[in-house]
Amino acid sequence: MPSGTPAHRGPPLAPGVLLRTAGVRPFPPSPFRCILAQPLGRGPANPVRNLIAIAVRNVLRNKRRTLITLLALLVGVGVMVSIRGLLNGLQSSMIESATKGQTGALQVHKKGYLKNVLASPLDLDIAVDEAFLQKIKAVPHVTAVAPRILFAGMVNVEEETLFVQIFAVDPLREFAALPKRKEVLNGPAAAFAQGAADNGIVVTAELAQGLIDGKKRKDFNAPTAVLAPDKDGALSAEEARILGTMTLTSPGEKKVAMVPLALAQRLLKLQGRATEIAVAIDDLDHLDAVRDGLQVALGPDYEVHRWDEIALFFKDIVFRQNLVLSIVATVFMILMLLGVANTMLMAVLDRTREIGTMMAVGVRRGRILVLFLLEALTIGVLGGLSGGALGGAVVAYMNARTLQIALPTSPIPFVVVPYVTSGYIATVVGVAGLGAVVFALYPAWRASRMRPVQALAGG
Amino acid sequence: MRLPLLLTAAGVLLAIPAVADPTAEELMKKYDQLMGPENFESVARMTAHRDDGSTRAYKMLVLKKGDDKLRLTFQEPAAVVGQEMLRQGDNFWVYMPNLKRAIRLANRESFQGGDFNNADVLRVKYQADYTGSVVADPARADAWLLELKAKTTNASYDKIKLWMRKADLQPVLGEYYTASGKLLRKAEFSEYKNFGGLTRPGKIVMRNMLATARYSEMKWDTLNTNINPPPTKFLLDDLGK
Amino acid sequence: MYTVAKLALRNVFRNRGRSALTCGAIGLGVLMTMLLGGFVFGLGGIIVDDVIQGRTGALQVHKRGYDNVKDNLPLDFDMPYGGQLQAKIAAIPGVTAVSGRILFAGSLNNGTRNTFVVGNAHDAASEPKVCPKGNRGLDGKALTVGQDAKGVLGFELAEALGAQLGAQMVVQAAARDGQQNALDLEVAGTVNNNLPFESKRMVYVPLPLAQALLKLEGRVTEYVVAIDDLDRLDAVAGQVQAALGPQYHVQTWMELRPQVVDIVKTQRVVLLAVCFVFLVIAVIGVMNTMLMAVLERTREIGTMMAVGVRRGRITALFLAEATAMALLGTGAGTLLGFAILAAIERKGGLSVTPPGSKALVQLIPAVPTWLVLVVVAATALATVLAAVYPAWRASRLRPVEALRAV
């Protein structure tokens, strides 16, 4: 042996089989037994499985090195999974807020309603008798329907009359279909959801301020009326009572009033009619199916839209969030896998003699390449799994505690319940494994290119 | 004795007056008399033709006193029976019978969906608000063309062209222009009736010349100018009674 | 000291592969932070730009009280235009341009039908100086000086009224004195910014047309002000307010669009969080590498101890190597980051659609210097700290075993 090499613990290198018969503990260590145990001249019985077994054992053999590599993967994957979980929860919450708090999962209108510019929206009304509503409910996955009328009108309190945007909803139906809507009702306004007061209305704080606070009075008991031109254009008015205030959840029109549908129907001479129908479904996965089903059931006189075709800005936000996360995740992966590559390279350098030995006893270069790639795969998969487990644990913890996140565009904080799908974790594990293989290509190639003699000599 | 006959004949000939062309002031005064009596009570019908082709017809009792007090009480259609509109100077209220109170509205445009913004042609004080000149219109030899230019801020239009029949000085056609010179509205007067001694048009068709799909008609069933409504009729408390 | 440094450097360059990987990890972390930071700040810049240069301007001035009733588009809060008042505003240091606007309610007629619209009148001569990006989403020709009878419509409005390019419409409104007035308007273009109200109800007209239409000759209802240095926004706003007096109300774009401020802030917070994680990963990679190095160089360390190098020196050596790699890595990362950012900038930026708009804009990544400095310092520091444990481990080796190690 060249003098530069460290002292051995045992006798000089020799093929394991010979050593075994000599009763001495074989060196290099046992994995080679599998390859070499077959009589020379005949190929191993199950080469792939053997290589995998060897690769796994090699990885487990040097615990310290493996662990250090795993640490980087662990943290990176863990963080990625946690962020993905958080974003999932946030996006879910935002979707909930829209589908259960504002627009409903789907909306039905008379054809041409959304694009309408010239005509009064009241001209595009729909008859919402039980038969019609049943038609909608009959479509599979539909759980609830809520007819509404949206129109421009005025609210008058004593001397003060202000122009407002009015949402007329059927309280019992609306809050059954869109339960999160209840959250915007402040204090005494919650009575609106019970549908008790036939003429009770709820206004935004800005509107209340304009109507009432200006007169230095704080109560809502003054004579109040809702006015609007009816469907024929004749001015109409109905007695009303302000129950309380509500919080605006979407930016835009600040002077908004919510009134009972029955009041609006009386006011507008649209008894039994509505301009918009919000539809709730059991599972958002069925959104498109329900939309198509509804369109078929109702015919060409009506148009059916998904909630994200109505709240357009939402798609944008979600798209951007996912895009940024993908970019960030990619970079994480690259950083971590560089670490893996680094480790592999060092391992290759470290195991020069081992590789030389393998070559010396006839293991093909190709097999060596594959072996190292398999080791990388193992580390990648292990790292992915452990990181996924860690991230999953973090997400589970956040899930149990739930979070409150206040976003700028919404005055009501979102309750976020983070979650990750097993599909996502599987993908991550797969990417980690595959990525590790790719990043280990160079080191593995280096290993396979070694010259046996020099390798044996220690490089 | 021939000379006195000649003189008489000449005198008779000379005495047949070459009736002087009316002055702008005279025409304006006549128009105000006919179309803008100081006080009146009337039952009028307004039919609004919307640009989607639909029509809305209203029948109302109109009470006017002086320059600035106007009260409309709706009688048809059923949806607006009992509604009243009160104008006192620049203040404007609508009385809603089911609320039993009057609500002040800021913008006249919002009343009855914009159908009544044509009603301003009824607010007639041409003598005070406009200066006029009479011109000959070769296209219409049977009528004087009175060209009016706004001289106060109360004038609803910057320029008005009014054709009044030479025979009886009844208005036949009106064209209403903006300060920019655009023809905004056109009015056709017809159905001349004798309203208790006052002969004047019983119907006006008002066209929106910028959006021709829109026009409205105003018809007077009855018109009484010989009344003097008490001021109490124009108080908020009186609405609904 | 010098010897340690020299030795450290030599060691670093001796094992090119490993050093390259380590520096690479550090450099990549710094690079990604710079790029992501550039992207986020660039995007934030675009959003703010879109608001300041496309819609509100840096500051706006109204007659006091206008704000409370602006929903009604009142005309009686008008202000003189082109005279002393404007000059007063322009004279404030920091103000680069002043322009006037009128917002009014009216209707647009196509000859047979009409519909309610909101008119937005601006001065074609000075508006580009205060809102140079005001023409986003425009299809057709922007309004220029001298084209006093042309207007731009929201695209759904144009569609509903059947208004093709070049069509003649009439815009009608109640003037200041209450009289209805109307003027011809030729359709010069349509606008589509994914804003439903704008598409259905807005008409952009030249200021002279609105002034003639509304009988507000020489007046405006709104002043829009551009300033040179957005960092001095509040200071300049205060000066303008002081100069004009309490009759007028000066507002910054942040007061006019508070939700935008929030959005940008949120983006930055997210950015910082992500950068932090980048850093952690990069540092773990470094620690990983250094530990490996220590393992691999066990014999070398043993030899050093055998010939008398003190443990402290050994620790110092490894720390120095870490520092060297940190400096090299962050240096390389920063340089590469600047290079890439410069290249993108020279290319004209990335094409993105800012939130709430359909139009493509050029995003020029701009990473603030403070961020680069912070990241570099943090990374370098973290790297060195990460090397503490491995260096300590190295110094704890027992010379005899180290010498014997495989």
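We call the chains A, B and C, going by the order they appear; numbering starts again at 1 in every chain.
FYI, a contact is a pair of C-beta atoms (placed from the backbone, for glycine too) under 8 Å apart; a residue touches a chain by one contact, two chains touch by 3 or more.
Bear in mind that the values here come from a model prediction, so they are computed numbers and not experimental data.
Centroid analysis (C-alpha atoms only) places A farthest from chain B.
Taking the mean of all protein C-alpha atoms as the reference point, the chain centroid lying nearest to it belongs to C. Between the Cα centres of chain A and chain C there is a gap of 27 Å.
Chain B and chain C have centres, each the mean of its CA atoms, that are 61 Å apart.
The distance from the centre of chain A to the centre of chain B, each centre being the mean of the chain's C-alpha atoms, comes to 68 Å.
For chain C, the set of residues that touch two or more other chains comprises 113. The set of chain B residues touching two or more other chains comprises 51. Residues of chain A found to touch two or more other chains are 118. Put simply, chain A touches chain C in their complex at residues 6-7, 64-65, 68-69, 71-72, 75-76, 79, 115-118, 163, 251-252, 255, 312-313, 316-317, 320, 324, 327-328, 331-332, 334-336, 338-339, 341-343, 345-346, 349-350, 407-409. The residues of chain B lying in touch with chain A in their complex are 48, 50-52, 54, 56, 58, 77, 79-80, 83, 94, 96, 98-99, 101, 103-106, 110-115. Across the interface of their complex, chain A is touched by residues 17-18, 21-22, 24-25, 28-29, 32, 36, 71-72, 113, 115, 156-157, 159-161, 194, 197, 200, 259, 261-263, 265-266, 270, 274, 277-278, 280-282, 284-285, 287-289, 291-293, 295-296, 299, 355-356, 403-406 of chain C. The touching residues of chain B, when paired with chain C in their complex, are 51, 150, 153, 155-158, 178-180, 182, 184, 208, 210-214.
Those residues of chain C that touch chain B in the complex are listed here as 107, 109-114, 170, 172, 175, 177-184, 212-213, 215.
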